[in-house]
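Chain IDs A, B, C, D, E and F follow the sequence of writing; residue 1 opens each chain.
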């Protein structure tokens, strides 16, 4: 297999989280896969709502465009809300996978129902909407929030990580689900350890998405350019968006 | 009733369409209502896909913020994809209504099922997703595209308008629906005439949304700040997004 | 704007509740709007189940017919089960709005999910069915009953009102919803005060429906007479129903 | 088995159709079953819309009450819209089955998907709503209307019957369904002949409902009086509804 | 009515349970109905998961084939997961009814919502999937497991029976449902007693399915052989499946 | 990456098709992956209905058990109906992926909506049920059958292949979908060529499932043994099923 280059986009501007995510991606990448972990030059330091997502989506597009210019083979959007996913698919040539999407899909293949554990309660609605949109509403047994902000995962105290662990244990006891989906790119490093400890699949979307992109690339499957996801219509973007002008 | 100020945001940068939309809004505004028709300073000249929408959403937020600073009572997002709707609701104090949303809601109140007539086929998926998200999947009998770009509605030839009219007639004959929802802010001026000619409710979202905002304001109902739609978390936005920094 | 006349029909025969409802309607009506609050001459003193609703529906139709003869511009059905709604739409020329419908629609525009607080537990199933029919099943976080009959709201003790208030507070704490829908026409007067106290949208259907009818009338939108909601087929009604004979 | 008495209520006032329905019921009744075919003393001569249904529902309740006083063991509501079904269940002691319900349920047990053939196009929406409410939305492949009024089935010309037959044949060819549900009580006599000729299950709701009531009675299952369908709350009905006063 | 022969297939190999089920079937069979209670010659002693179901399905088909050769009029699959139902319908000439199906359908006719009480927690997912497939997802208020294996119902101690009873009582108190569906063929004998004691419909699928088959046979309705459920394509089965070779 | 062994189970007994499937699997397998293509020793030569599926499911379980004994890392069920999927997941230690499942999941990641092209019309219902069960009902634009039996794909004439090609072209023109899912394991070899020719993703489930298993194995994710998919309860299987006795 010739070398594959996957761009992993952290949609927020936190460099620490970009590194966490990049490391998680590299840890599972196939031998021939190169991971390019990037984040937008400007935007929000963390994503905890629709407002943050809307801003992050532009940064995602900017990176998708850059990645396409560099000829990467596929893209990962590494924020659990999958911000800008369909817009990115229009812009991209190769496949684009969101980490919520990847984790949810995989969860349905190893368990009949799964639970989600995420950060702030206000982000639950984003996960709910994605479940509905992706078709997994019936496959999710329950959603949980540890009630800490995203960046608490990067504060080095381990508190957030411990809260995630506790919530996973409680979810498995109460929800009747067989797997856990971790609802934040910043939780990527927890998945393997929790899978081992709790002896159920605890799924991180970053690694799941990397494998999904590798799979699609290996199968020769790229984003369909027939119909809805065709390249954006050519039109002159103005102001700060000029750098996004269609090719 | 004291004076009410409603900001009508055309999410694309077409001044002609902003005027069309503003005029449609003023035509139905109550005596005490002042309409502020605006569009982003930068962005896309028309919105015909998810990529366009993602860019437009930032312009919408910029305007929402400006409107909030000016103390407007409510906001309308005047593009049929309702770009940035939930993000705008987080940022806004008053109610924010999308024109797709407003038109769809009203359609379910005057007919058991409705048809949608829009511009390019590639925008149909956006309407489909909104139907699903708003809960009106069962209330929409069919979706139609006239296969002309949005700006054809502003070219003065009347061709797009005639195509809309023809498609409405065909929809009423074939779909088993009782009302038509016009799927583009640029079609705002057609609704009244078509309602009269076709003798069924032909619903324009711009005017529908204006009345919806007026209603919410009159009832003292603003966007809930309890939970999911609370003001965005305070965090430093960088680069071109600094102007959007939370209050 | 020329004067608009809206008929607000309390489907039960309680004059006290008809007054409560009429007052709530007038409190939000636009300057040019005249409210005609009526109730059936015969029927049920309160509506707390499907049996009560079936009887009330005939009274609603009788009043719709009378309203149409008086040339009113639109109608409100002021009972939270929206009894006789589609039948009334067939009979009416102008728009007809149910208060459950109006409140639910508005709730989805100011919050991502809402809770319902109603009277007797046995009426919950009616609300559930309406949520399903209107498409808002996913938008309702939970339903609550204070377990007091409808007329307890008119007994002057304030007990029912206090129970409603308590249940709203509990719902906001437990349901993860951002707005409350009051599930009874007799709760109309509570909405504004609770909205202020609880600092979330607490929505009364009577006032919501009045604004919705005003909006539709202002937009020139009446009930579609194309297809399903066309005027009833002409046929001779017999016995006590003769007064309802189609025009 | 001791004798069972089933009240079959034709909700319209057509005596001819009451006889048709009564005959269809008797044709399938078990040896020990007595059929009491009745219709309201006053109401609509045929049911072709929501208005007609709302009026018919009161007549249904009147008959349910009479049937309960006579000690019948169960009730059938013999109109394809199942008018007043839940209200009737509140009022009744024994089981109450609608013919749309019975036919739809049985159809799902002999085929993976079924088609519906009914009378006027405007009644299709009623069937659609019932499919949705009963949970059979995915099991119905298509709905068809012969575009003749209900009473054309009683005019002796055989035209309506021939149109039903043609539509059934076309439905089997085009819909990918394996069974037909006849969408009108007046089509009851056609089912057996069409089943034989077309060699697929063609299901009449009247006979289906009679067997369903017999089954429930044999199993000792009556309408649940725990919760939602408990007897109506005791309250004084006024005017023409006094005869319906709760026991 | 000429004599009707119904084959009641216990899909597991427990002779004790086959007798329990046969007795329950005979207890409700009409005078002219003969019950043939059978079980596969080989397979699983009890069914508590998808693996058990897959094995049992082959035994069901073997019995269906035998029943068809004996000219029975219809078949019941007496395990709450309805194993092999659609396969059996392909193979059978007459109607085939599963006990989960029969119980769920009947429950929706006597209550607005029902609860399910079954054996092991791991079987809940099977019931969930059936609810979804049959369309009754909205009609089921809650699912409960007594956490005892199926065969505990046959151990003579009465413990499982008491746990079922307790769980029914709790379900009625907490779920807001009006009826109980017993989720195991081995609970067949409990239904009548619990119906009497708890004063709500407690529904056993075995007896419900027998009445359903009797009804379909009386109506002349057999499994549709048009389309999806046509007899299996003729092809040579090999090995231990040779005895199932299509006719 | 250490070597990975994936068992690809053709659930029918056709050796030719087993080879086709094995070749398709090997064509996309990663360098370190070994493919073990197997089929049951006994069963059906092709799978074209629920009856065939029920028989095939036992053969699948037999092979899963053998594969587990051989210590394979994961399993693919290579028939588009995913026969025995959940039963296989109970029995297996590693991940088990069905080809319908894999293809459908991947299709939703490269297009907003997809079309399915399969063999006999009677198998469409199986695909419909899977769409519903997996949550992709809204993502499938249409289903098509070429009306040729499965084994026509192995007759060497190329007729079936040409019909598939034609139907794909027509689907892309008419359905408004952006990708094609090939609905039969025997079509595996067509995907790459059609993807190139039609310039849209044409997805074969065999190769998709192989990549999915590789991904899950690489991520350390196996079938959850917590809850619903735990190993089958230990119980003595009898007769021809003894070889399946739980470990």
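Methods note: a residue touches a chain if its C-beta (ideal position, glycine included) is under 8 Å from a C-beta of that chain, and two chains touch if they have at least 3 such contacts.
Everything numeric in this text was worked out from a predicted model, so none of it was measured.
Removing subunit C from consideration leaves the other chains joined as one piece by touching.
Common partners of subunit B and subunit E, by the touch rule above, are A, C, D, F. With chains reduced to the mean position of their C-alpha atoms, the one farthest from subunit C is F.
A repeat of the B-C interface exists among D-E, D-F or C-D. It is D-E, with more than half of its contact pairs matching by residue number.
With centres computed as the average of Cα coordinates, no chain lies farther from subunit A than D. Centre-to-centre spacing of subunit A and subunit F amounts to 27 Å, using the average Cα coordinate of each chain.
In terms of their C-alpha centroids, the spacing between subunit B and subunit D amounts to 44 Å.
Residue positions 86, 112-113, 121, 124-125, 132, 137-138, 176, 227-228 of subunit E are each in touch with at least two other chains. Chain contacts in this assembly follow no simple pattern; the graph is neither a line, a ring, a star nor complete. Per the contact rule defined earlier, chains pair up in contact as A-B, A-C, A-E, A-F, B-C, B-D, B-F, C-D, C-E, D-E, D-F, E-F.
Across the interface of their complex, subunit F is touched by residues 121, 124-125, 132, 137 of subunit B. Partner subunit F is touched in their complex by these residues of subunit E: 13, 41-46, 48-55, 57-58, 61, 84, 86-87, 89-91, 120-122, 124-125, 129, 132-133, 149, 227-228, 230, 232-233, 235-241, 244. Residue ranges of subunit B in contact with subunit C, taken from their complex: 1, 28, 30-31, 86, 95, 97, 101, 105-106, 108-113, 134-139, 172, 176-179, 192, 195, 199-201, 203, 207-208, 211-212, 214-216, 218-229.
Interface residues of subunit D facing subunit F in the complex, by the touch rule stated above, are 112-113, 138, 176.
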